[in-house]
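Here it is, the structure in full.
For clarity, chains are labelled A, B, C, D and E in written order, and residue numbers in each chain start from 1.
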Amino acid sequence: MAGLELLSDQGYRLDGRKASELRKVQARMGVFAQADGSAYLEQGNTKALAVVYGPHEIRGSRSRALHDRAVINCQYSMATFSTAERKRRPHGDRKSTEMSLHLKQTFEAAVMTQLYPRSQIDIYVKILQSDGGNYSVCVNAATLAVIDAGIPMRDYVCACTVGFVDETPLADLCYAEESGGVSSLALALLPRGGQIALLQMDARLHQDHLETLIEAAMTACKGVSKVLDEVVRQHLQEVSVLTGE
Amino acid sequence: MKDTPLCNCERDFLLKAIEEKKRLDGRQTYDYRKIKITFGTDYGCCFVDLGKTRVMAQVSCELVAPKDNRPNEGIMFFNVELSPMASPAFEQGRQSELSVKLNRQLERCLRNSKCIDTESLCVVSGEKVWQIRVDVHMLNHDGNLMDAVSIAAITALCHFRRPDVGIQGDEVTVYSPEERDPIPLSIYHMPISVSFSFFQEGTYLLVDPCEREERVMDGLLMIAMNKHREICSIQSSGGIMLLKEQVMRCSKIASVKVSEITELINKALENDKKARKAGGRCGFAESMPQERITALKKDKTAVEMTDVSERANEIVQKAEALPQTVPSPVVPVPGVGQVGQGPQNTWGLDEEEDEEDSDEEQEEQVTKMEEEHSENKEESRGGEVVEISDSEEEEVVILHPEKPDRTPKNTGSTSHQKVAASSKKRTKK
Amino acid sequence: MAADMRLPTIRKPVSLSVSTSDRKDLVVPGDVITSDTGFMRGHGTYVDEDKLTASVAGEVQRVDKLICVRPLKTRFNGEVGDVVVGRITEVQQKRWKVETNSRLDSVLLLSSVNLPGGELRRRSAEDELTMREYLQEGDLISAEVQSVFSDGALSLHTRSLKYGKLGQGVLVQLSPSLIKRQKTHFHNLPCGASIILGNNGFVWLYPTPEQQEEEAGGFYTSLEPVSLSDREVISRLRNCLLALAAHKVLLYDTSVLYCYESSLQHQVKDILKPEVMEEIVMLTQQKLLEQEG
Amino acid sequence: MMEVCGSSNVTLREFGCEQSLLSRPDGSASFIQGDTSVMAGVYGPAEVKVSKEIYDRATLEVLIQPKVGLPSVRERSQEQCVRETCEASLLLSLHPRSSLTLILQVLHDDGSLLSCFLNAACMALMDAGLPMSCLFCGVTCAIDADGQIITDPTAAQEKQSRALMTFAIDSTEHRVMMSSTKGSFSVYELQQCIAVSQKASEKIFQFYRDSVRRRYSKTL
Amino acid sequence: MFSTLKEKVGEVLLPGDEFSFDTDDTISLTEHVKPEKVVCGPGLRRSGDRLVVCKSGVLRHKQPNLFWIESQQRRYVPAKGETIIGIVTIKSGDVFKVDFGGSEQASLSYLAFEGATKRNRPNVQVGDLVFAQFAIANKDMEPELVCIDSSGRANGMGVFGGGGLLFKVSLGLVRRLLTPHSEIRSDLDQLFPCELVVGMNGRVWVKSSSIQQSLIITNLLQSSDTMTASQRQQLFQRVKQGPL
């Protein structure tokens, strides 16, 4: 691996965090007036914007409609200026398409789509600045946007990536760590029931370590969920005061 | 073109059957379908049959300039092609969700796990490296494409030989296989994907779902591992809720399955190597099923040429005269030869003979069935005998054709020696 | 013409001192509302392991044994009798599809409209063919919810003279939760314009008609030019509505009117400037409080 | 001129065929000529896209999948050759406003690929039970530097040849339904190649017949 | 021609094989034979004065003068009066759209059920199976299904009840199953009691007392497609004796 030491002997990481420490999460809901729901979320230096439209009548080919539940349509894109190298294609390549697909399946698991037969819910997520953990940040931002749109969900969906270095799981990887060749695992969790909505892992890892890694990821996700919970309650309070009759 | 819709009764039945631990084809919950690995004439060409699912992988290579950030590494490129042959729902040239999923999962499984030594593919640093391209074509879709794809891809990579290169100064020479023996790739480990499907919100779990099971499942968990029990990739898909315990259980099952499949691949590779060493032909002509009723093979045939010049003249005439004047060879009684005096029909297909044939073959069939019967008894816990594996066997009817008594009318008729076909069919038992 | 450009600033909410936030029961998705099984599950909730759990973020409402969670913001959930303003999206066999800001496009059956020439006329095949002459894609209508289909789609009707095709005017799309339910949603405001406050959050502003045209069947629309003064009134109203919506003030005839009156000291184009908006809304709210108190 | 006839080059490599080997398509076949091998699958008559609908006959689509990489111009032109042959033999007017899709997958290319495509296509169409006015087969002839005609050439023979011709020949009157040629040759050579191909086609048609007969041997 | 045709009954024919109408190929020493009428079934077509085979398969004959080609086709082409198993895919207004495995979906009016009126609509959901008959099956028109016979009776047609399994077999096997004294059927009868619905479109629905039995029947039928009668009987015998 590259010469960089991902975890110092003192137990500090490249950016000075402890192994299980998350990056700072900041978020705001209801950033757009026109959309049914929207949110902006920063996790460290990764920044994402999520917008939700719907549920609404299916536009385009009607054959996509499902007679027993809503279709979730996700689009993930990265701003051309989001990475150090200017991206030529903001969306449509294999990786983005896959990411859209993963977002879609994550929310299909969490959103109560059976309440809206024959309709469609659009979730658009854009990465404004990328510094690792793009998938997790998108999920977290989209969760807030879905809540803002008043669409029923079983629970929050929180996501986090974890890595594995020197027998130690590292929570919430940043770009330097991700590209440093550690085995990384991304996990989307419904924290209350401990259900995993999406699990994805890359690179080699011995079977015996899997459990510790999943455990660490679940803890990290629960950490994220606390922050999101605060954001939602704060927002709820502010708005409900305004509409107070 | 649309796929046939799934009706409610099928869905209900399948779910109920799964609850009772029964599967459509009589398998147990954690059983794989029959895996069959065959190779093509080329190096790096591999066919995998997983039950009725069938895929083909072909590895090819090319000298290209390396990527800027990795000047000393060869390039791996994967392409999973969902040919419309495999299912009417697949459209050509469209990036469907499934194709993205399979492509990315294969990349993740084989490239990100660094199973191939890409540094050994470097020819001239920063200038020329080998690009290894793996094309996987779906031929028939009956569920669990991912596992079939991963087996086919890794087997084809193991089977592949790239041409040797020599460097003299700035000159790079690529030697043809005749000049120098081609070189195999160096493969560190063999990641194999194992798919688990979940039903009824994760209550039930099946290994290797077939197409109809895939259509009623809630979600899928794909775990790629090697035989050293190292996980190379995990991917969940579909809207399922997993619990940690389920993931752990699946990873344990996967490690068992992976070691079985790895063994099978190694055996297949070894057999092929032996066959090639023995100098036998290992092309499709050999892999062509000999005993299928729907298959027929004809040895090298000479075309009788005695009246070619006449015919050629005839054509000249035709070109000049009106086409109607052609003595049109209407087949008065089909089945019997016509104008020319072609060689005798070499296939004993008179009805009598045929009956004899089938009688014999029935006897064979019986013994075969009995064998399998006892096998099944050992296999099946609970004594459910009727398993598909043997009813499938029923398709295989051996109708050994009579040795063709070709009349050597033509000079060109060469006798062709049949190489005993080493049947590469094996069941996973 | 000087352009007015501003840097983004954090919008300060109009803070009314009555921060009685604990007064309401606020929940977020996944929160257990009660584990008592004696309650009935309403909108915005689901039962998970015998616990009544919220599925949306909002305020818990209890009617007898029925527990609902009302989200802060949502698409229009139509009920029978609601007045809606909508746009025709499609002409189908014997029906129009109408976009009404609900989950599915609403349906306006050919049999639920008044056709010119007698209310109780049978719908002939000819009518089916000339449906596009009455209403075509893009037309705006006002209508009333007649019934709700099992999948949640609304069936509309325009069998009253007050409903039908809309002519010249301005459509303002707002959140449905800001519209206050009232006896009537059609108002001729004293400021010289009329307003239809659709329950679906679509608000229609139009010049007050001289007199009701009879026998038009609701398909005739006047194309006479609207006078400048009327236009100005309508634009002012539109901006007032947006200002009120931005500060989440419930919309009904009085609040709109008060806001209009408060805005008179500013030019129409200035109303949407944040500080002006804040001022106007403050004034409106004070007036409303006075009136209540 | 008789020296051509005496040549031992005029042989067909051993060939084989398997029908109904795939479970999904309505008809399938694999055809092997020496080492050259093609798999064919047919779907139809099935639903047709509105944009491709023809009011008085079925729409036939032929797709050729190369073994490596994506289909290119070469495949497109082969697709057209095969499609035109199939269109001439199929009774497309019996299934108006429907689609027939024929997919051909190269399994191994060792010369005479186009003729192998045609043979596999014919077997697959027969397996699908589509109405046809006649059968067809493909024969490839190469003319080498010495002017000798080689039927069913291997890839190496193709490379050394001066001209390469592929003919599709129908089963009833042994007429040429399609021809695709490359390289230079004289009129006489062309005629001779046609004659050779017609002769060779008899063998292939007899093979078709044997093959189908064998297939139905159980229900006879 | 009649005689040449008859000679060929039971033989395998290929597309392009022809029979000419001329009687001179049969040299009759007796009086001139009257040209006989021949009815062409599937796979045979008249073209001018010839009879052309257009599908590969075995030539079959039924008295007095009906000839057809029996083939192992998989794709179904609708024909008037045939009964099929369809899957309801869309409910739109007054009609259901039904998938039957052909080239387009058939329409089925909700009034075409026994006892259905404008008020009393049949209870059919999307995804349900219907057993219905073609009222219109014409290559140029949308096929139309009905679930009543000419006298307005259901006659076994209509929506399927719950349970059971649907599977596909070749069209040839379906025809074999539906022949008046089908051997396969009688063999099956000896195995277990079961409810079997066979559609001409290659779909078979089976319901029996247990899931296991339904599965066995499904697999037996699917495999008997490629078996000779004696092989099949052996297999059935084995299943019967098997410890079930």
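Quick note on the criterion: a contact is a pair of C-beta atoms (placed from the backbone, for glycine too) under 8 Å apart; a residue touches a chain by one contact, two chains touch by 3 or more.
Only a predicted model underlies this, so the values are computations on that prediction, with no experimental measurement involved.
Engineer: Using the touch definition from the top, list the chains contacting both chain A and chain B.
Structural biologist: none
Engineer: On the document's contact criterion, could you list the chains that touch chain A and likewise touch chain C?
Structural biologist: Touching chain A and chain C alike: no chains returned.
Engineer: Treat touching chains as neighbours: how many steps, at the fewest, connect chain B to chain D?
Structural biologist: Tracing touching chains, the least step count from chain B to chain D comes to 1.
Engineer: Work out the mean Cα position per chain and let me know which chain is farthest from chain E.
Structural biologist: C
Engineer: So, comparing each chain's Cα centre against the centre of all protein Cα atoms, which one is closest?
Structural biologist: Ranked by how close its C-alpha centre lies to the overall one, first comes B.
Engineer: Measuring between Cα centroids, which chain is at the maximum distance from chain B?
Structural biologist: C
Engineer: CA centre of chain B versus CA centre of chain E: separation in Å?
Structural biologist: So the centroids are 33 Å from each other.
Engineer: So, what's the distance in Å between the C-alpha centres of chain E and chain C?
Structural biologist: 58
Engineer: If you average the CA atoms of chain C and of chain D, how far apart do the two points sit, in angstrom?
Structural biologist: Whole-Å distance between the two chain centres: 67.
Engineer: Could you give the separation in Å between the centres of chain A and chain E, each centre being the mean of its C-alpha atoms?
Structural biologist: Taking the average C-alpha coordinate of chain A and of chain E, the gap between them is 54 Å.
Engineer: Would you give the residues of chain C that are in contact with at least 2 other chains, written as numbers and ranges?
Structural biologist: Chain C, residues with two or more chain partners: not present.
Engineer: Could you list which residues of chain B touch at least two other chains?
Structural biologist: If we look for residues of chain B contacting two or more partner chains, we find 293, 330-331, 334-335, 358, 397.
Engineer: For chain D, jot down the residues that touch at least 2 other chains.
Structural biologist: As it turns out, chain D has residues touching two or more other chains at 20, 43, 46-47, 99, 172, 209, 213, 215, 218, 220.
Engineer: Using the touch rule from the top of the page, what pairs of chains touch, sorted by label?
Structural biologist: Taking the chains two at a time, the touching pairs are A-B, A-C, B-D, B-E, D-E.
Engineer: Taking the touch rule as given, give the residues of chain A at its contact with chain C in the complex, in rising order.
Structural biologist: Within the complex, chain A contacts chain C at residues 30, 33, 36-37, 54-57, 112, 116-119, 147-156, 190-193, 229, 232-233, 235-245.
Engineer: Spell out the residues on chain B that touch chain A in their complex, using ranges where they run on.
Structural biologist: Against chain A, the touching part of chain B is residues 95, 97, 100-101, 103-104, 108, 112-114, 219, 221, 225-226, 228-244, 247-248, 251-252, 255.
Engineer: Mind pulling up the chain D residues that touch chain B in the complex?
Structural biologist: Residues in contact with chain B: 1-2, 4-25, 28, 30, 32, 34-35, 37, 39, 41, 43, 46-47, 63, 65, 67-69, 99, 101, 103, 105, 107-108, 110, 151, 172-174, 188, 191-192, 194-196, 198-200, 202-203, 206-207, 209-211, 213-215, 217-218, 220.
Engineer: Help me check something: in the complex, which residues belonging to chain E touch chain B?
Structural biologist: Touch residues, chain E against chain B: 4, 7-8, 11-14, 16-18, 20, 25, 53, 87, 89, 99, 101, 125, 127-129, 160, 162-166, 205, 211-212, 214-216, 218-220, 222-223, 226-228, 230-231, 234-235, 238-239, 242-244.
Engineer: Enumerate the contact residues on chain D facing chain E in the complex.
Structural biologist: Contacts found on chain D: 20, 26-27, 43-48, 89, 91, 94-99, 126-135, 170-172, 208-209, 212-213, 215-216, 218-220.
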